[in-house]
Amino acid sequence: MPLVRISIPKGLSADIKSNISKSVHSALMQEFHIPADDYFHVIEEINKENLIYPESYLGIDHTSSMIFVQITAAQGRTFEQKKALYLQIALNISTSTAIKKEDILIVLLENNRENWSFGNGEVQHFTHI
Amino acid sequence: MPLVRISIPKGLSADIKSNISKSVHSALMQEFHIPADDYFHVIEEINKENLIYPESYLGIDHTSSMIFVQITAAQGRTFEQKKALYLQIALNISTSTAIKKEDILIVLLENNRENWSFGNGEVQHFTHI
Amino acid sequence: MPLVRISIPKGLSADIKSNISKSVHSALMQEFHIPADDYFHVIEEINKENLIYPESYLGIDHTSSMIFVQITAAQGRTFEQKKALYLQIALNISTSTAIKKEDILIVLLENNRENWSFGNGEVQHFTHI
């Protein structure tokens, strides 16, 4: 069910982009229990000067290129699941790429199941997870 | 009131882009009863390798280029209205372009009327539809 | 806490882009009381034909290039704060650039504090503003 938007600086290799995307997807599978084929991502490449973030915030230094991960998903996940998801995303990305876990912003937008159509103009998810 | 973001693969013609956008807008007019001049869209052209989706999900095959339609609108529409909207979007796009209705993902984000300013820094919609 | 997405027509100068971004940020500092280093923006440059808006809506004419400002923030701000924010954004942008206050659409998306991770895969904001 999630739709993921990953905003990255322009110029990352195809491998790095793929690893970032797979990192988020496998974390969603593991912690939000989405199926493997529920994989809908937009990778948005932004000119570096258009991706703005502070040198440091909340004691976390941003030393290399930050990336922003926006996840839109149906509501219903617990706080524990969300915490586990963020940790897993940061772990997956920072082990499969050179991006540091300090440099990953994650934001989750939640809506209702009836707010999704995955094709044919139909509401597939209204009655089940 | 809606703000629509349409994510498409790079390379579609101006006509196709226009037909997609008009398809979504006329469906919103018909089913969400927005006025004709409430027409605010961003068409985002994404390199094909950055638009990620599965070959099949929930029994729906994705055989050609998928597009993602994200609609942000004030809450208050019924489930029936939402269902009718998705169907109409899929119908309009699949009849005015070569994009198949299987290849249209739609997600609706809802907020409050007070969360909109359509110009001048004012809240135009707080007291009425 | 906010993540700001500013959609603008391609071709604005670095100075104008910077002034728009700073305008939104200083308005958020002033009216939503965010700290100076809580500054996370994506500036999205869109081909002019892909940024669609009406000539006029709700009595507001769009005479030059419109821009769309989408702010995702934790819920909890009052209607008064939101109204003040929109006014301040429009004032700041229209005084620091040639963009008219009529040509600024603002939309606010709200979520929960637990829906944010600002780095390290941790939830920094759950217990405080």
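Think of it as A, B and C in the order they're written, each chain with its own count starting at 1.
Simple rule for what comes next: a contact is a pair of C-beta atoms (placed from the backbone, for glycine too) under 8 Å apart; a residue touches a chain by one contact, two chains touch by 3 or more.
Just so it is clear, the model here is predicted, and its values are computed rather than measured.
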| item | value |
| --- | --- |
| Angle of the C-alpha superposing rotation, chain B to chain C, to the nearest 5 degrees | 120 |
| Interface numbering overlap (same over half, different under half) for chain A and chain C | different |
| Between chain A and chain C, centroid-to-centroid distance (C-alpha), Å | 21 |
| Junction residues of chain C - those touching two or more other chains | 44, 109 |
| Residues on chain C engaged by chain A in the complex (per definition of touch) | 3, 14, 17, 21, 35-45, 72, 109, 111-112, 114-124, 126 |
| Chain B - residues contacting chain A, complex | 7, 44, 46-47, 49-58, 60, 62, 68, 70, 79, 82-83, 86-91, 101-110 |
